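You will see two complexes here that share chain A, one where it goes with chain B and one where it goes with chain C.
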Partner chain A sequence: MRRFPLFASLVALLCAAFFLVPLAATVNFSLRMRRGEISLDAYASVFRDDTFLSVLGFSALASLAAIALGALLVVPTAYWVRLRLPGLRPLTEFLSLMPLIIPPVVLVFGYVRIYGTASVLPLTMSEAGTNLLLVIGYTVLSLPYMYRAVDNGMAAIDIATLTEAAESLGASRLRTIATVIFPNVRSAIMSGAFLTFSISLGEFVITSLLNRPAFGPYLVQMGQDYAYQPAALAIMAFAFTWACMALMDFFATRKPGQGLLPFLRRKSP
Partner chain B sequence: MADQAPAAALPRAAAPALRRVNLSWLGVVPFLLFTTLFLIAPIFYLVNGAFRTPEGAYTLDNLVALTGPDIWPSYWLSIRLSFTSAALGCVFGALLAWALQLGGLPPWVKRAFLTFAGVASNFAGVPLAFAFIATLGRLGLVTLILRDVFGFNLYGHGFNLFSFWGLAITYLYFQLPLMMLMMMPAMEGLRREWREAAESLGASGPQFWRMVALPVLAPSALGCFLLLFANAFGTLATVYALTSANFPVVPIVLFQQIRGNVLYNPNLGYALALGMVIIMAVSNTLYFVLRNRAERWRK
Partner chain C sequence: MSFLHLDGITKTFGATTVVKGFDFSVGQGEFISFLGPSGCGKTTVLRMIAGFETPSSGQITIAGQDVTALPANRRRIGMVFQAYALFPNMTARENVAFGLRIAGLPRREREARVEEMLALIRLGHLAERYPYQMSGGQQQRVALARALAPRPQLLLLDEPLSALDAKIRVGLREDIRAIQRALGITTVFVTHDQEEALSISDRVVVMHEGRADQIGTPAEIYNRPQTRFVAGFVGHLNTFEASWAGEAGVAFAGHHLPGPPALRGLAPGTPVTVALRPEALALQRRAPDDMPISGRVLDVSFLGSVIRARVEVQGRTVSFDMFNQAGAAMPPVGAQTELWFSGSDLLVLPE
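After this line comes the complex of A and B, so read on.
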């Protein structure tokens, strides 16, 4: 019989407490808006706020645009590099990892200088241009994750054979990417997409410095103005992060051609 | 039909190899263009600006000014804070990884921690600040329980969430799970046979850890420490939301500089950014080197 793992249990308990106490405290705080009783007033108040819905909509739209841009940029590149230009792999990989090294605040600093008023490409001069720059910023932030996810997805399928098969049936290059490669890495893209979504939805630094009416700056403003609503927002943010991570994980481990839900999986013989 | 097939095949076969090479290059042009415009160019602009005077002449004054009394305290504060939170994250994260992987806990505990850590390591930014205000703020749950149940006045004893240690503990919420996630594979790499071999040679438990396990784990642990350090160094949103930008770590100073040129010298701002990039680049590069070194044991 094994000895009871006393020290290991102690460590696990301590860490579990460190993880759970802040969550419990936040839940508790978010329910205390009405003096002396438990209520969901803080949540109701958040949802009643028109600003909440408008900033959330804006951020969701910007994040979706960033995901689309990221996928459009990464899928053909990763495909092409794997198929035709393996020599460029170190370069594209390095470039895709660079945003991990460059802090967002530095990135946006460069943006406002280069694409500011006195530049050849004055993106920040117009509303649409600034929005575009925001989407580009989110895309850059998510590049490491998107590239990694898609590249892993490509490793799992035999793109050379698929490409040859498509070409021998007369498909053009574009058609091969759009109708053969893309569907096969859809899961990988989705996995990268959920991580991108969870990063960019509440992004604060780039958003705030580009002065966009998005969720991140709104959160900070709420924190300065109110007591209970921020706790409710934090709980919702935690749940949202959890959902994104679960979906990311689900799509990352899903194989091409597999059913959408795990319990509908066809049993392989 | 019989005529068409060779006609279609001919130009293809006749096309010189040159054309294919050109087309191949075209395939990565969008990506390279995008990264050049929105990743390389901004950094190049800042780096270039860091070595210039406002009039455009080359100078090293801006970099020298980084070590001056205006900027250096910010760097020193950032370094100390990142070091502290990374060290705490390292110690507790490694202990937790050990407990889950080798401590003999039931498998469901490990699964629960893995799931939770995946979420917690990504739960940063403004919401994290809110959660800790509700926990350790002046009216936070833990503060109140300590006061009312245990009669211990946290804030009376010098603790403040909006100060150095408060921030370090808040950072720990994403540092600890990140360390745990990164150390689990390393712990898994500690072979049972090594332990048995050491024991059969007469080594005690502590001897095994000191002479076998720790040297094997050290490169991973050190690499992870550097990653945590960089992670903390770049953290801005959490500090901003906790202290309303009144805590002068480097990212906050840079943020203020972009907002309103608080340093009264744009080129000094570029140097500030350059310093930050250098610190991030060095710690990340060392992390990659050490990670590759650590993978030697994992085959």
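After this line comes the complex of A and C, so read on.
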């Protein structure tokens, strides 16, 4: 009989505990708002607050905008680099990693300096301009993930031959991208999108320095002002992120022609 | 009047010239094959015709129009790729409809045309399948239908059968030829498989290191190879040393045979190479003026319709084929035998 891998199990248990104990403690704490009994009062209280829904709405909207901008930026770039400028791939890969190297605080200070009061393009002077900067900031932060997801998606299909097939059938470049390339990297874009979403939703540094009424700064503020609600918020944010991961996995493994819910689909005769 | 004309086409990638002074004309409705070993530039020539590569020099004309600078999506050329290249997000029907959609055909006509094309490739029953739900052969049929649907003026196929298994390969190649005949579409077919090229083409272009070594009908290519490369690449060949005997012709195996006029200028005694196809040899004398060479049987292999023996003749291994007929028997291994050939089957290879 093989010996029970005692040491390895211990290490694994320790690592799991590192992650699970705080989680369990937070869950437990979030349910203790009413003295002496288990209740969902903290959650109810969070939902009763109008600010919660408004900041969540704002963050969701900004994240969706960041996803759209990111996809529009990354898909054509990754496509063109793979198709025509393969020599530039190391450069684009390096550039896409920059947001992981440069701290967001540096990025946002740069934005404020360049687009501030005295600049040619004073974006921070108006609400819309600041929102735009926020969306751009989110896009930059999620660029490493979006780029990698889309680039991997393109590696999985033979984009050069598909492009030539479309062209020989009379399609223009734009039409090829819209009708052939985009639909075939859709699941890759989706997984990039969910990562973008979960990064942007709880983002704090850029959001608070641009002074936007979003979820990240709200969470921090709550943490300073209340005891139980932040725990409930953290748990919800955590559950939300896991839901995103599950969706990502679902979209990434979906085959073309399957509907959104393949199991509900009528079996073809 | 030629339909597709390539005039002095050259293609250079960096420092290497891949296609060198390629001149060639294809008539309307002709089925042409480019045959050559891997890397000889077949795909590159095809891609220049399709418009995916631009020639470094030279001119391409289709139906009297100079298309050298015309982008691929305006050439009206149907293309079939080795890897099928069906759009994975579309069903067979949608794939076939793609070009018609681009052309802006009204819905009714488009649907009718798609049905017609699916019927042509006999896959109407798989119209709603996605590429990943079809076999390679089925996918390649759909790719053919997709290429033909918008009524292109030229059909190009780049090793369309190479990824399929042998049985399907033969069936599909006959289908391709039948469809091509029925539609009368001018076709260029690229392959490295000589049997494929010889069996379905009106004419074959044998390519070697970026040049067209020989252009001719399958029979011309096989029976009268004009370069040493063509002789060696197409079919099996037994080569022998011989010498040029001046007025008397070629001296080989104790006989003098008339040589081609190209050799006339050589000094008597110059060594030349002659060749015989395995099927040009026989165990018996078939005509009064047949000539023999003799050797020792090394081994015999049974290939089904054909039995092939390897015979050692003057230190060289010579292959010899005979049909597997009733009463036909190969001499036993190790036996001394005579092989008879006709002087008219002897190929004198150019140096």
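The criterion applied here is as follows: the second predicted complex is superposed on the first by the 248 of 269 C-alpha atoms of A that agree within 3 Å, B and C clash if a C-alpha of one lies under 4 Å from a C-alpha of the other, contacts with A are read in each partner's own complex, and residues count from 1 in each chain.
Just so we're on the same page, a contact is a pair of C-beta atoms (placed from the backbone, for glycine too) under 8 Å apart; a residue touches a chain by one contact, two chains touch by 3 or more.
The structure displayed is predicted, hence computed values, not measured ones.
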Tell me which partner A:101 touches in the superposition: chain B (first), chain C (second), both or neither. first
First, second, both or neither for A:44, with chain B first and chain C second: neither
Considering only the touch criterion stated at the top, classify A:26 as touching first (chain B), second (chain C), both, or neither. first
Examine A:53 and indicate which partner it touches, taking first as chain B and second as chain C; both and neither are also allowed. neither
In their shared complex, chain A is touched by residues of chain C numbered 50-52, 71-79, 81, 83, 85-91, 98-99, 102-103, 128, 130, 132, 143, 146-147, 150
Per the contact definition, I'd like the list of chain B residues that touch chain A in the complex. 24-25, 27-28, 30-32, 34-35, 38-39, 41-43, 45-46, 49, 92, 95-96, 98-100, 102-105, 109, 113, 116, 118-120, 122-123, 125-135, 140-142, 172-173, 176-177, 180, 230, 233-234, 236-237, 240-241, 244, 251, 254-255, 258-259, 269-270, 273, 276-277, 280-281, 284
Taking the touch rule as given, give the residues of chain A at its contact with chain C in the complex, in rising order. 157-158, 161-162, 164-172, 175, 179-180, 183-184, 186, 255-257, 268
What part of chain A is in contact with chain B in the complex they form? 2, 5, 7-9, 11-12, 15-16, 18-19, 21-26, 28-30, 73-74, 76-77, 80-81, 84-85, 88, 92, 95, 98-114, 136-137, 140, 143, 195, 198-199, 202-205, 209, 216, 219-220, 223-224, 230-231, 233-234, 237-238, 241-242, 244-245, 249
